[in-house]
Structure formats: C-alpha cells, structure tokens
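Chain nomenclature is as follows: A, B, C and D, assigned in order of appearance, with residue numbering initiated at 1 for each chain independently.
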C-alpha cells in the first residue's frame, strides 16, 4: 500500500488511548485531520503539545477525546483563553501535566537520540517541580553543588501535523517548520496532511531535500488543502482571526461549544 | 498629535529599557514588547536583531521553535518579556493557576517558556496591563518562575523591570524587591500604592515618566502599527484602530 | 564593519590556542581557509572534529598547528590512513582525546542547549571510558541499575566551515549540511568561507531560509570558490582523489610532507 | 562469466545476511556493505532503505550526520557494518591502537561510531579483508566496542556475523563466541584454523559458502559497480577495473 491515502485511512494509526503529539500553531497544525478525529470519536488520547497549542487541543478536549494533556500552554494568545481547556482543568475532567516549553523540547530531543532523559537549566525554584514528580533534580556530576533538572524522554506513539508538500513516496517538505523533524524523529509513527502533492522526488533536489523529512519516518499522508484552517499556514495563508473570535465567544458555554461542533465539524461533513 | 494612549507610554518605557541590546526576542502574545522592538530597529544606530516567536515572517529562527530556547541557553538573547496572571513583590510570576493547584479557582494557559527563560535571559522585562491588588500581589499562588535564586543555582538573568499602565518599577535582585522608578503622566503615588499588593522601595521624590517623543509616536503610528496588525490584529485594532482583516 | 571580508580578516577570530571545531568531509570543509591558517602559522589549536576529519586535521597537525585534538577518527577512509596524524600520535607530539561520533554530537548538542552535559547510550564496556576520565557513568535516575554515560558539553571558541552561499548580511545557506547548524549554535563564533555570494536576502525566501544559518551566529565570511578543494563539496564538485592519493604517498615522510606544504600551500600563495 | 573475485563472494554473503531488513545503513569506508545494500535494493521484493553516511547523494539523511545515530537510537536502523584493526573471539573490536594505549605500536583512525552503534543496531555485520592471526585475535589490545554486555546494560544489538575472505562466522551472543558457518570455495578448515587467533565453535561438517548466483554477479558488475565508483573509487578500480576519475 502506498503512503498517500485518504484522510480517514491516514488517521487509522491514531487509535483510542494513543499518545499523540501535535505542534504549535506556527509549525503547521492538522486541523482538517483534527475535525475528522472528532467526527470519528477518538477517545482517551494522551495529548502532548510541542510546546503549546490553541484550537487543536481545545477542540479535542472539549469534544471529550483527551484523557491527559501534557503542555506548556493552551490558549489563543492575545485573542483570549481557551474556554473548554480551562473548564476541563477546573472541573478535573482532564489530567493536566503542566510543563514549560524547553522542557518538552528537551524531552523530545532525548527520545530523538534514544536517551532515557533530557536535561534542562532553569526550573529549580518553580512550582512546576512540585506538580511534576516525574521531573528529577540531580547534582550536576561535573560541578559542585549545582542542581539541574532531568526530564524523562517523551516517546509519542504518533505525531500528527500539517505540511506544505509531500511527494508520491511520502517524503514531506516542511520548510522552516523544523519542530516537525523533532516530532517525526521522536514518535514511533507520523501521520501527515499536506497542502499539495509535489511531482518528482523531494530528496532528489538539494534545495528541497534540505527541509524534507524522509518517508521512512512517515506512516501515511493525506491531501488536505487549507488543512490548517482556521489556523495559519506559514506564508501560504493567515489565521482566520474572526473565526477564532467567534469560536471563543461560542465556547464560553457547553451548549455554544456543541453548536460549534455541529456547525463546523459534524454538519460540514454531511454537507 | 492626538492623545497619547497608555499603551504608547508603555511602549516608550520598554524602548528605553532595551537600549543597547544585540538581540531582543519576543514571545507569543506580546504586542507591546514587539512594538518597542520594531521601534528599536528603526531608531537605534546599532539596530538589534528582533525575533518573534509567533511569526515566522518576523523572525530569524530557522531551526524550529527550540532555537529561541537554545539561543537563550547559549547566551545570545539579551532581552525577553513576560507577563503574569499574578506578579509578586519578590519578582515571582504566576502563569498557571489561582487558588490551590489541585482545585484551582482560575486557570490560565500555562507557564510557556518562563521557567527557563526567566533564568537564562539577562534582561527580562515584566509588563502587566492590569495594575491592581489582584494582579500585583504579596505572594503568588503558584510560582511558574521564581524572581531570584540561591547563589548555587545557575542563573544568568532574571527580571529587571515591571511596566504597568501606572508606573515603571525597577527590580533589585540582591534585595529581591521592586523599586518604583517613575509614575506615568496623569497618575500619582497614592494611586500606585492603593493598587499594588506588594511592598516596594521608592525614592523620596518619584519622577514622572517622560512622555514619548513626537518622532517615536510618528514611527509607531505610521510604520510599526501596520506591522503589528499582521501579528496582533486585536491589539492593533484596539490601540491604533486598524480593522481585523479577513484571512487571505 | 560588514561581515563579508577577505580571507585573512575572516580568519582573525582564530588565534593561537583557540578551541576550533571543524566538520566532517560531507558537511563542507574550509580547506582554502586551512591553507591560510597554516601560512599564518597558527599555534596550539585545540581542534575538535564533528565527528571525524581527513585532510584538514591531518595538515594542521602535520604543520604543527595543533596541541590537542578531540576526534572520533582521522583518516582517508578507503584511500588510507592519515600519515602525519598517525605519526604525531605515536610520537606523542599531539594530545589525543579519543571519542566516538555520537558522543561528539551529544556534547555539542548539550552546548547548543546551554546544558553542562549530554547523555549517550552505549560506550559502557568500551575502553574509551578508561582513556576519557572526563566522561562519567551515572545510574539513570529513572530506572534501576541502568548505567549511562554523561559527556561534558563541548563549547568551541570558533567554528570554521565552508558553505555553498552567503548573502551580503552574512546569512549562510548550508543545504542538507545540517551539522553546520550545530557547529554554529554550539560555538561562540563562526567563521565561514563560501562558494558564492547570493544576491538578496536568504531569509526572505522561505525555501532558502529553511536551510540558512542566520547571520547573528556568524562572525565573518570570505568568498572562496572551490574552497573545499581537494575535498568534495556536496553536489557542486567531487573529491580530487588523485590529489589525496599523491598526498598520502608524499606524507609518509616528514620531508615529503614539507615538500607538499611548500608546493601546495606556501608556494601557491607566492604565485 | 569471468573468475569470481573474493570480494564478490563476500558481497553475496552480506547480501544474504541483510535479507528482510527495512533500513540498512552503511558507514564511511565500507564498499562491500554498500555493494550488498545496493544489490538488496535491486533484488529484494521489499527493497530496504539504504543510507550511506559518506555520500549525501546516496543517503536519506536530511538532519545532518547525527541522524544516523539518532535513527539507530530510535530503533529505525536494522543493519550496520564494522571492521576492526583487531577483532577478538568475544566479538570485541579495536579501531584505535595496537599495544599500550599510552605508548602505542600502531595507531588507526579511531572508533568512529562503533562504541554506540554496536549497542544500538540489531544486526551488526563485521567484515575483515585480512584473515590472519594478526587481525583475528584472542583478545583485542583496546576495546573500541565490546561484543557483549552484562544484562543490566541497555543494549538492543550487536554483532551477528563476521565475514572474511576465507569464511563466514556467526556470533552466539549467549556464549560470546563465534561459530564457523561456511568456508568460501577454494579454502579449507585447516586454513581457517591456522589463520584465526581466537577459538571458535564449529559443526562437525562445515559447509561451503554457496557461489554468488549469476544474476547477482550480472547486477553487481553491470549496475552496482559504476554506482560504487562514485563513492569508493579505489575499491571500484581494484575490484571492477573502473579507472579513478579526475574531479569534476
């Protein structure tokens, strides 16, 4: 079977209970795929964000797909906070593992290298250490009386992201979105949506190859033009700010959130 | 020249605090720091490098989101910015929860990179657009990042200032206390005292914050505001009246 | 002063005693710059190779420029061993810190992250641990009875490498030679030679930007067409195998090596 | 069909040892493994991915030289190859020195990635083109990478075979010993015993190594040899008579 598939087949690797890692908004968020996962009703995800998320984590949490989220932040930046994430944390309906951005980067890089842990400066004196008993402070063995934090490696089952281009072999061109390399390396499998298919071999062109994730990391790829909407996609299209503002307003209530799901996710499929 | 907005005063204070920096990095959701950084590029003889975490189009990063943290770890970033749901008198910031962590009364997005960058960047500038006893507190409910550290903890940076709509505080690392530097035009010491939940040092006479120079305002409104609108549409609409654009 | 300079000014950052890091042959070796350093007579370098080297380390050692070399290998692959490196190690005229490739990568990544050490699986049971007392075995704090090696971060003073393109601001396009990012990040300064200058801003083009090291890491750049000769330069030109075979033959004796230096380095300048 | 070269027999043995692999990686200075890997791509129904460390034109790496080691750490590399100045009966390899380390009698390039990859890649194939008591020794002078490890040491791979111009040994991890599998045509058991410095297991009757099939030789000489010449010019010249080209 080739690696270029339809969206639902591509997402088959994401089963109930999967440890799923997703990128930040600037790196290419697979929103069309996220809507398909919600339609399918995936359950009990252990969601990890590299390092923060907005609408993607918010919708998955609101729709009841997430058991645990490990993140350094979920929110809409200057547009406002994430209502369903906030509500779920206050109600205790999702288990939250609070982190800080470079800790997630370090823990993924550790997995990328096959190491059991990553190290990180800072953090000492932060209450994050008290709520993350899985993070350890050790004495730097190369100095005297120098505490440093070790973080267990994060090894996701699946990475899900959106990229500009794939070729027919499943090589993925990501451009500057280098976080996607880390996601693909650290995760057992990667499933990807792309804006467009590229004719020819991305690895055969030295300029394109430099920003291409080789197909041997990639499980499956689906074509999804404007697949990051309503989030932005690099220089291809901007964020749909009005849509996000409308969402934030609606999602202040559970009923408003359900209406959003019906309008934007379930009905869109039926149409 | 139309009325000076409070945000414009803050941008001018920040502009002075970042003078001489080689590299100013700006995190997500930081329109005021971004405005000051863009202005520094236009106005300084040695224009600093400016990197915006949020916007690949306005940043120098080519190695992924980690490059900001890596660069800070390498000592290449001179200035960064944080806010906090709460900021306390010892410079601790809280970006996580109000109340008990296990059963919080309020929840915020999360710590972002604060628990690392607060240690690694020499000049951290704190800003908070709500100056109240609710936000500027005696002791934060949750320390996302501590204001100071014991001497054995590796730390090459930390807070140097806190900028609010009322005033500009400096931070004294040795005393782990803020010190009131200037009060913005139209505000007074009593207002600052009434609205600040933590104790702070102050000189006998607290000077007034200088008004932004006309040239700064001209560049801000004419050149920088449209740049900001592409990255912080809501801020640009509120402060500069630039309508939120439909997506391309 | 702009960042594009002549070769000797560009190399001014490499002083006697500098801890200098250089890449492997596949990543872009600054051979023209190396010849200039030998002409200048640089002394007491602490040379680190990411992770191995051939002619570059060999010539610098033979010419007496190197006090210490930290490397996972110096040799010409199937063409033969490196005569001056071998002789210097046997004679004890250079201090050798033997390593293994991923240990150098890990130690540089640690420096890239601002960490005091990197970790690495393997090595336990290798005699490298006995000859590298600066490498430590700790018990993995996240498991029981699980030894793992920690390596002190390597923080070079200067990285020296050759790349295809620079723009007028000093941004450097490296293509797939991603090791050069690690070199530039881990080192306090980077000095670079390039095949050609690029008109326009490399960071303004999303495709080129993806493989561009931003100028704020770069101290100075010199134009050096065919600057990797006689080593290869990616898809631009191949290795001059006959030259390397001739070198290896000559360098079997100190006198032959001196003749090579005279012919290829000192006389070439005079001509 | 002209005379079969010893290297061609070795390539055929390696070809059989890598059967079924998903990803075969080949380090610097490994023309025989590279030839076998290229052949596997041509001859296997599930053609393996092949990555050559030395040649960006013939590899899949796009994240720098570290990606080989990272991929091995992730468990994505099934096969790798090593040689050694010395290889001993416990599977230890020596790529560093002969004699005392502080005052060596001979020095080799160095350990390369052996001290890591030897632990992390499930199928390590050893090859040595000089089969002698000088190279295949009782105990190496310096362990660049150990053949086996105590059970508490994290290890997911190690040596599975040693291929020489005389024979093919398998490796028994539990016993930490080599076992003679086949002897190449034209050679005998006494020759192997005389020239091997370490003790090894063997069956009562040691089979002969099968000759490379005609189709394999045709593809090797016709299609693979020119590919090799671009990467291993000296090897291609010696074995296949392809002249070393002037640089482009």
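Throughout what follows, a contact is a pair of C-beta atoms (placed from the backbone, for glycine too) under 8 Å apart; a residue touches a chain by one contact, two chains touch by 3 or more.
The structure presented is a predicted model; accordingly, all values stated were derived computationally and were not measured.
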{"item": "Chain located farthest away, centre of subunit B as origin (C-alpha)", "value": "D"}
{"item": "Pair joined by the larger number of C-beta contacts - A-B, B-C", "value": "A-B"}
{"item": "Centre distance in Å when subunit A and subunit B are each reduced to the mean of their C-alpha atoms", "value": "28"}
{"item": "Centroid distance [mean C-alpha coordinates] between subunit D and subunit B, Å", "value": "58"}
{"item": "Subunit A-subunit D separation of Cα centroids, rounded to whole Å", "value": "40"}
{"item": "Residue list for subunit A, restricted to those that touch at least two other chains", "value": "102, 109, 113-115, 120-121, 146, 148, 176, 178, 181, 209-211, 234-235"}
{"item": "Residues of subunit D touching at least two other chains", "value": "61-63, 67, 69, 73, 120"}
{"item": "Chain contact graph, described as a line, ring, star, complete graph or other shape", "value": "other"}
{"item": "Chain-chain contacts as defined at top", "value": "A-B, A-C, A-D, B-C, C-D"}
{"item": "Residues of subunit D defined as touching subunit C within the complex", "value": "28-29, 31, 53-57, 61-67, 69, 73, 95-96, 101, 103-104, 106-120, 142-146, 149-150, 152-155, 230, 232-235, 244-248"}
{"item": "Touch list for subunit A against partner subunit D, complex", "value": "111-115, 181, 185-186, 203, 209-214, 216-217"}
{"item": "Residues on subunit C engaged by subunit A in the complex (per definition of touch)", "value": "102, 106, 109-110, 113-121, 136, 138, 140-143, 146, 148, 150, 152, 174-176, 178, 206-211, 234-235"}
{"item": "Residue ranges of subunit A touching subunit B (in the complex, touch as defined)", "value": "24-27, 50-52, 71-75, 77-79, 81-82, 85-86, 89-90, 92, 98-103, 105, 109, 120-128, 131, 145-148, 176-182, 229-230, 234-235, 237-243, 245"}
{"item": "Parts of subunit D lying in touch with subunit A, wherever the complex brings them together", "value": "22-23, 49, 60-63, 67, 69-76, 120"}
